[in-house]
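Sharing a structure, written as structure tokens. Questions coming.
Going by the order they are written in, the chains are A, B, C and D; count residues from 1 in each one.
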Amino acid sequence: MNQWLSIFPATAFMPIQGTEIAGKIDGYYVFLLISSLISGLILIGGMTAFVVQYKRRSANDKTAYITHNTMLEFTWSFIPFVIMMVIFFWGKNIFNELRSMPDASEAEEIHVVGVQWAWNFKYKNGIKQYTKEGISAENKIGNVEKQIMAVPLGKPVKLVMTSNDVIHSFYIPGFRNKQDVIPGRYTSLWFKAEKEGEFQVYCTEYCGLQHSQMPATIRVMKEPDYKAWLEANKPVMAAGDGGMNEMAMKGEEIYDGKCKSCHSLDGTRVVGPTWKGLYGAKREFADGSSVDADENYLKESILNPAAKIVKGYPPAMPPYAGQLSDDEITQLIEYMKVVK
Amino acid sequence: MELFIQYSLYIISCVCIFVPFFGFGLGPPVIIGTAVSVFAGNAYALIAQKGILKNFIKDKKDSGQSGGLVPVLEEAQKLIDGIENPGSVMKKEGHHGDEHGEHHHHIIPIPVYVGVLLVLLIGTVITVAVAQVDFGAMNTVIAILVATIKAAFVLAFFMHLKYDNMLNRVIFGSGFFFLMLLIAFSAADIFTRANVVKTF
Amino acid sequence: MSIVKTEDGHFHHAHHFNSLSHQYDSAKQGVWLFMVTEILMFGGLFVAYLIYKSLYAPIFHVGSSYLDWRLGSINTVVLITSSFTMALGIYFNQKNKPKQAVIALALTILCALAFMVIKYFEYSHKIHLGLVPGKYFTNTEFQNKVAEYISNMPIESLTPALSDANLMKKIAPLYFGFYFVMTGLHGLHVVIGACLIFWVMVKTAKGQFGAEYYTPVEGVGLFWHIVDLIWIYLFPLLYLVG
Amino acid sequence: MSQSTAHVATGQDNYLNHEKGIWSWLSTVDHKRIAVMYLVSVLTFFLVGGIFALLVRGALFNALPENKIIQITPDVYNQFMSYHGIIMVFMVIVPGIPAIFGNFLLPVMLGAKDVAFPRLNLASYYVYMAGAALAVGTLFVGKIDTGWTFYTPYSIKTSTSVVMAVLAAFTMGMASILTGLNFIVTTHKLRAPGQTMNKIPLFVWAIYATSIIQILATPVLGITLLLIGAERALGVGIFDPNLGGDPVLFQHFFWFYSHPAVYIMILPAMGIISELISTFSRKTIFGYTAIAYSSLAIAAVSFLVWGHHMFVSGQSEFAGILFSVITMLVGVPTAIKLFNWISTMYKGSVRLDTPMLYAIGFLFLFTIGGLTGVWLASTGMDVHFHDTYFVVAHFHYVMVGGVLMAFTGGLFFWFPKMFGKMTNDTLGRLSWVFVFTGFNVTFFPQFILGALGMPRRYFEYHPAYEPLNQISTVGSWLIGLGFVIALVAIIHGLLSGEKAGANPWGSKTLEWQTPSPPPHDNFPITPTVTAGPYEYR
């Protein structure tokens, strides 16, 4: 079916096809284009012909008195209806294909987090392509220096996506695929790249000031190259002064799951106090006393938050005694140490 | 207004034909339900306002046939007359305020109002009483059911809708109808969303 | 729309209508159309309520136990009674009895005031306990109760959202968000309704209405009954079933 | 009645000189005067929104911020884009045709003396102006940068004055409801003797269908906007994901209004086109019933299709497909209308005066807009096109190419009726040439841009898209010039136009059977309608 359609070079008006489905969509696009051109020619051509042919010749032209023609009207309601149903079913099939997720066993899963204004990617082996402070000055669309998401060639990739702040939309023109990224919820998207090279990612849901500067690149690599990339970028586990050790990384995961909604990392006030520069800082409490935030204080505050309430904050935190193991608490505190 | 009803009928039956075609889960009951009710409303409007039934009975009688279903149909027509022209049933009250001539407002006597008030109070008692017993999910259903009955009484008597013209009833009903569309289609999204599973 | 009562005690319809009853029918149809918009506006809230209630039932269940159903019932009775007196107000106008009509309308306003006073006590109690919408919510007891309620639910009836205890604590104030927005908007309508009733009461007292012409009373009455109608739904949904 | 006859005898009294002084205008309850006040207000706002559009296009002339010809920062760009949307949608296109031509013509076409509730009509004008004042007020207090859609959670988080803006939109929605209510009752109750529903002009049908949508859809927008305000003030959490709300539910509520609102905009335009085509072909409209009913059909179905704005928003796949198929159904009545208009010209006597040129332009652009609409209604294609310039181009083809072309055509058509003077036809045609070519130059490249994947609402974009964007910007200047010429033609007509007769175009509808401009009570004697509106025999 798509063979004869491909005579018409849809790619002239579309980005490079990066997946098999993109090819199907382009075939569909050509069908729409041609059928619309034909309908457009009938409508506009008919209109032009009538305007020219039945131009007013004299001030008292007599015109035919035609009120309606049921057969004709039925025909031109029915034919568009049939065409539209064809268009609908064709589109529905493609949509189903775009949205039916591959099996978890054979797909490469990558997590995507949209933030204002960057894309963060996280791999199963711990690789994190995170931008901590928004976009840097040179990280612009014109002279491209963007977040890289490496993906293997010819293998399904499933993206599990969410957002930290407002709605974004993950759009890969080359794959003809797009999905909104919504805070408080996970959405997913999949593709199987068939062409090596780099593919542009855009944010297409208006998200504020630097909406147009949320670029990322999908780099499609051959399977061995991909494996090598995964190995090369594996996070450094060694403890170091600013770097994250393994303990802190685990702590971060606990933070992402349990603490993030009430404690920020960047100093903004949420429900509870921020963790930025928390470790070792002096804490003032509602009852007037104060203490340096050491490991004992932090541990107490996690297990029994009501014991010491930081000045100016509501006693809103639930006790975590029994919910976190000692190991986990240590990991969390390790993480707090690196949040500066 | 009939045009409006009929055209929406056409559209909804279109949807009706195509939606089950795809075997969707939630859509058909909602849409078929609305279509059937619109069909019923439309048929009623045709019978009541265009007097189809009346003409039919008249035709039959004129041609000398009065057996079979005709007496039954006559009863049905009387019922419709009762709903459509309540003034004819309660004429005495209705003409009291009409000394100045042309307009006919139906006046509902005070005892009817008192009766409605009692019904509403009893309804409130029932609502409260039922809520003390745990029927599980049925509690919401019962509560809404009782509330709807109460609302129907307020609409019919306090708001005089029972004695109002068809158009006002259709206008008010359309509000609920479109509300139903809003909830049906929002629910069609929210309760059919795929659950995204993370493996790590 | 302007109706002039001439010296001989008759009413004259506006110039673009054929007759008084023509004008009455048109005005009434207009009011009904406006009522549709009221229904749809509150309807939006009800739709949101029903969707969230089916998603997060425990919050609504625990939430409704924090409301006093006795006060709610009293308010229901008060509003139903006011609807009755409002209907009487129209009735007496139809019967050309302005004195009784004024009394009925005054009773309606009294009921509206009683409703608002009870509402005030309810609100101040909630605010005192910190049971307010999300931004200002401080009542941890409520959050713990929700958590407790969920822990008592059978495990198979839990959705992923419900089994996330932290999430549920965070979104527990949602119930009071609904409570304050729905009753607040309704309360605003009660106040507006009371003002409108006061307006028609004054006009009735001045003798500007009668059996021939009482369209504003009828219109205000319809509005007031809609306010009552909405409360008839609000009361069980917020106070009782939760 | 005797009074009116007396006025006709002198031949002088009309609604313009019935009373004198500025106060008589501001406190008027005459629907014709209110229409003229709306005309002045809407044209002013159109000018403002147009300037924002030109600024937006100017900023997009170059790809990268460092060499933009209009040096603005991204936040200023976002504000320009938002103001362009809010002003054009809520203040120009939604009230435009119903409030101006609907107000002026609906009672006259029905043979009534006024709308059903004249004082309510005036009130809704002031409510509209209050809303407009609030919206314009945000320019001075905090600005607004959410776009016209107010999507949560961005509208909850942003620091701009969203509350004021949503109150503005709420207030203007209120005005829209009151106007719609008035028109419905007028159509039901105030038709002249003999003017049955099967004899009312198609413009009235269109306005009637529009009013139904206004009544049924706007309240839901109202509560949605109020909830955004409450969300910002109290954090009720219904739309805030941080508090358990669902931002996609907001989109459902928003589009439950805003999709039908698209038909609030386009249906009256279709009504105008029916009048124009019939009059200038001097032929009865082909398929009156089909056009009339298809207006109602579009109105009814428009409530069932809002989810096609949300195919990639995270709504379920099932809902996407459901909305897609119903959207296809809207295409059918729209196609019926297009075919009917074109066959109306068949064996007619077509004269290309300025209004007809605009109608032809409408048919041309609306065909393109409508056909690309089918592409977007299809789920498979929309995933690629959604939120790209393809969508921008599509809805500008429908909204500007459709609504504004019809609006301008209608203005030139009814100008003699409204002010009793003719406009200069040469100026009018010249304006059409500029608007029409400028429009295609502006928006056709955007289809290609969108297919190539350029997302909308971008301040800076990939330099590869630059050439097409530059063509587009040049086109926007042509449109601007075209509308300036149209404005000159209107002002020239007002100041020194030839005197117009009662029926300069030879039309058959009721409004042309009364003097131009119409007397205070519309008709010297209440007319009795015996024939249909398009009886050209």
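The working rule: a residue touches a chain if its C-beta (ideal position, glycine included) is under 8 Å from a C-beta of that chain, and two chains touch if they have at least 3 such contacts.
Model, not experiment: these values are computed from the prediction.
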Please identify the chain lying most centrally, where each chain is represented by the average of its Cα atoms. D
Chain pair with the most C-beta contacts: A-D
How many Å are there between the centre of chain B and the centre of chain C, using C-alpha atoms for each centre? 23
CA centre of chain A versus CA centre of chain C: separation in Å? 42
Taking each chain's centre as the mean of its CA atoms, how far is chain C from chain D in angstrom? 35
Per-residue multi-chain contacts in chain B, two or more chains: 167, 174-175, 178, 182, 186, 190, 194
Which residues belonging to chain D are in contact with no fewer than two other chains? 188, 216, 220, 242, 244, 246, 248-249, 253, 314, 317, 321, 325, 329
Find every residue in chain C that makes contact with two or more other chains and list them. 25, 29, 33, 36-37, 39-40, 43-44, 47, 51, 167, 170
Tell me, which parts of chain D touch chain C in their complex? 107, 112-114, 116-120, 177, 181-182, 184-185, 188-190, 215-216, 218-220, 222-224, 226-227, 230, 233-238, 240, 242-246, 249, 253, 521
Touching residues of chain A toward chain D in the complex: what are they? 13-15, 25, 28-29, 32, 36, 39-40, 43-44, 46-47, 50-51, 54-57, 61-69, 72-73, 76-77, 80-81, 84-85, 87-88, 90-96, 98-99, 140-142, 165-167, 169, 171, 173-174, 176-180, 182-185, 187, 200, 202-213, 261
Residue positions on chain B within touch of chain D in the complex are 3-4, 7-8, 10-11, 14-15, 18-19, 22, 24-27, 167, 174-175, 178, 181-182, 185-186, 188-190, 192-194
Under the touch definition given earlier, write down the residues of chain B that touch chain C in their complex. 96-100, 102-105, 107-108, 110, 113-114, 116-117, 120-121, 124, 127-128, 131, 139-140, 143-144, 146-147, 150-151, 154-155, 157-159, 164-165, 167-168, 171-172, 174-176, 178-179, 182-183, 186-187, 190-191, 195
Going by the contact rule set out above, which residues of chain D touch chain B in the complex? 188, 197, 212, 216, 220, 246, 248-249, 252-253, 256, 293, 296-297, 300-301, 303-304, 306-307, 310, 314-319, 321-323, 325-326, 329
